[in-house]
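Below, chain A partners chain B and then partners chain C, in two separate complexes.
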Partner chain A sequence: MEHTVREERGNVVVSLKGDVDLEHSPKAREVLLGCVGGGQDVFVDLSAVSYIDSSGVASLVEAFQASKQKGTRFALVAVNAAALRVLELARLDKVFTIHESLSEGIGGGA
Partner chain B sequence: MPEPRSRRVLQLCFPARAAELKGVREAVREAVEGCGCSAKSSGDVVLAIDEACQNIIRHAYGGESDEVIEFEIEHRGDALVFWLVDHAPAIDPSQVRPRDLDDIRPGGLGTHFIRRVMDEVEFSNPPSGRGNLLRMVRRID
Partner chain C sequence: MADAPNEKKALEPGAAPTLAADEVESAFELLAEMTSGFAESQDLEATLERALTSVAEHLDAEAGSLWLLDTEREELHCRASVGPNPITGLRLPMTQGIIGRSIAQNTCQCVFDVSKDPAFSTKADDESGMVTRSLLCAPMSFSDERIGAIELINQRSGDGHFHQRHVYPLQVLASSAALAIANNRMAASLVEAERTRRELELAAEIQRNLLPAARPDPFPVQGLNIPARTVSGDFFDLVSLADGRIGFCLGDVSGKGINAAMLMAKTASLYRCLAKTVPSPGELLRQLNDEICETATRGMFVTMAAGVYDPTTGAVRLANAGHEPPVCHAQGGFSVFEAGAPPLGIVPGVEIPEAELDLNGGSLYIFSDGLTEAETQSGDPLGRAGFEALLSKFCDLPLAGRVEAIVDSVSQLALKDDLTLLAVSDEARSR
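The block that comes next holds the complex of A and B.
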């Protein structure tokens, strides 16, 4: 798994790439919680995620819950079909705010 | 009724380590697609097998281990039968339950994924008498 973190219009955009699996989800968790801890709204781009498992989903849930406690926004953007299927199986597609694109997410409210 | 024809389509034995799972996923995807599973079904099956291996690593062995996981896929009629064997102390199958999905929290989803994807899930003792045998069946759509 690779990741990038950048700022866009006052928001933090985390892009994850590759497999967010048991081997790599501890890194994803660390990155996501670090970004949420900064107090800005966080958008997670999943367009380049080729595979995500329960441990990767758990990282997203933990960051989502941390953002709720902070009162900041946390949203997923450009979720590809493979990742969306896993979120659907977990019934989390209705829990996370999901935007089709980053511009849609940053332009509107999460 | 004669037994449906069966054929072993994959047999693996690998250390119980997270870094092994990517290769396992690739092998499982190739094998089940070769048996006629759609791309969506193959993705679901890959997820379920990965989660079952993770359960062995995290819960049966209590973390990464040089102990092995043995895995087989059998193509039997219109179904795929998956066998996973570990050499850890026997688990209590009643403790391997999916959690309530309305309770939004990190973790605990792996068993839910397995139950959602597979048509049959059964724990038993392997023929050697030591460890755990997980047998799962998925009908080919």
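The block that comes next holds the complex of A and C.
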């Protein structure tokens, strides 16, 4: 798994790439919690995630819960078809805010 | 590396790198004594101290000390010392002094006169009250790992200074001491690994006992669980209700390992406790969700399907919280029941809808994603289609044998996760 973190219009955008599995989810967790801890709204770009397992989803859940406690926004954007299927099957689309694109996500919260 | 030989030459011009015959014999005796000491003793610290004493006597040094690297604190820790004022327990920054240089360069240092070496640190002298004139230091390392160093101070005889020929006996001690320390550490980590393995075995035994006892055919609910590691994040259970119906469930905790196993144990225990008094599977999962949410950590969650089967009518009430859709196989056709709510442990207060289905003489299969994600020889996951092919292949077997045959077939593939299968059969009613 690779990741990048950048700022866009006052928001933090985390892009995850590759497999977010048991081996890599501790890193994903660290990055996501670090970003949420900064107090800004966080958007997670999942367009380049090839595989996400339950431990990867758990790292998203934990960051989502942390943002709720902080009162900041946490959303998934540009989720690719494979990852979206995993989230929809588990009805996690009812838990996470999911936007089709980053611009839709950032624009929607303005 | 280039500095050491030059330095040695500068310090001791014309030093002969060879030993006299009696010195060689004496060095071999020392080596034999120390090696057998390291091989025989269980008490490493005492052996290191004895070896240090031997080498200090052999080289007629005033004092000697053995230092181990504490990489966490970036310090050198004196673990053994001989001489008039022992300094065992003293700590130095790991880069300090000639000893620091010896470790950094992984080379022996023979310093004829320390007053001419700017790297010399007086900290050990300040502690011991000694005055160091000359110093001999050999690093201890094993493979690429730096372990520490051994240092000798001042020769009592001769001119009171160390010479190049003194380096070899100290090197001998340093090499065999490094090997003994590395062996000792390896043995300690093996003991620790064995202890952890035994504890995991105990945890696994407790987990196995959380699963229901097997009930032979023709009991209409059968299940099997194969952990991917020692402990499992999956579980299933079944409960005979007072009205003759049978409650059942299958859960899968996110992640793997001991934390998943502990959440599994909690969820399985809560289910066992609630199932007899809460006959509605949706209500049962709602209560479970609220309980798990209260103590959930690290984003962990449980996907779970729970249901109640009525053997007199073939009706099943099923609730699914984020779990892989169960498959119903009846009259040659397959149908699936997707989740109506997110997994347990994420959002409290969620309503979990129930579906009513008629098994109609067929069977319902609930399984963890370890089954559909098992890799076939082509490297692709087994998937729903592969699973349905197995259901068709073994559908004529009695239920317990069928569940076993399917799990056996999947176990032949590359398992990436715990594998659990639960089957509810209405076939007895149709016969």
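By definition in this document, the second predicted complex is superposed on the first by the 109 of 110 C-alpha atoms of A that agree within 3 Å, B and C clash if a C-alpha of one lies under 4 Å from a C-alpha of the other, contacts with A are read in each partner's own complex, and residues count from 1 in each chain.
As a convention for this text, a residue touches a chain if its C-beta (ideal position, glycine included) is under 8 Å from a C-beta of that chain, and two chains touch if they have at least 3 such contacts.
The model shown is predicted, which means the values in this text are computed figures rather than measured ones.
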item: First, second, both or neither for A:82, with chain B first and chain C second; value: first
item: Touching partner for A:91 - first (chain B), second (chain C), both, neither; value: both
item: Partner chain in contact with A:23 - chain B first, chain C second, else both or neither; value: first
item: Common interface residues of chain A - those touching chain B in one complex and chain C in the other; value: 22, 53-55, 57-59, 61-62, 65, 89-92, 95
item: Chain C residues touching chain A - in the complex, by the definition given at the top; value: 252-256, 298-301, 303, 321-325, 338-343, 346-347, 369, 417
item: Complex interface listing, chain A residues touching chain B; value: 19, 21-23, 51, 53-55, 57-59, 61-62, 65, 82, 85-86, 89-92, 95
item: Complex contact set, residues of chain A against chain C; value: 22, 25, 29, 53-55, 57-65, 89-92, 94-95
item: Touching residues (chain side chain B, partner chain A) in the complex; value: 18-19, 21-22, 25, 40, 43-44, 46-47, 50-51, 54, 57-58, 101, 104-110, 112-113, 116-117
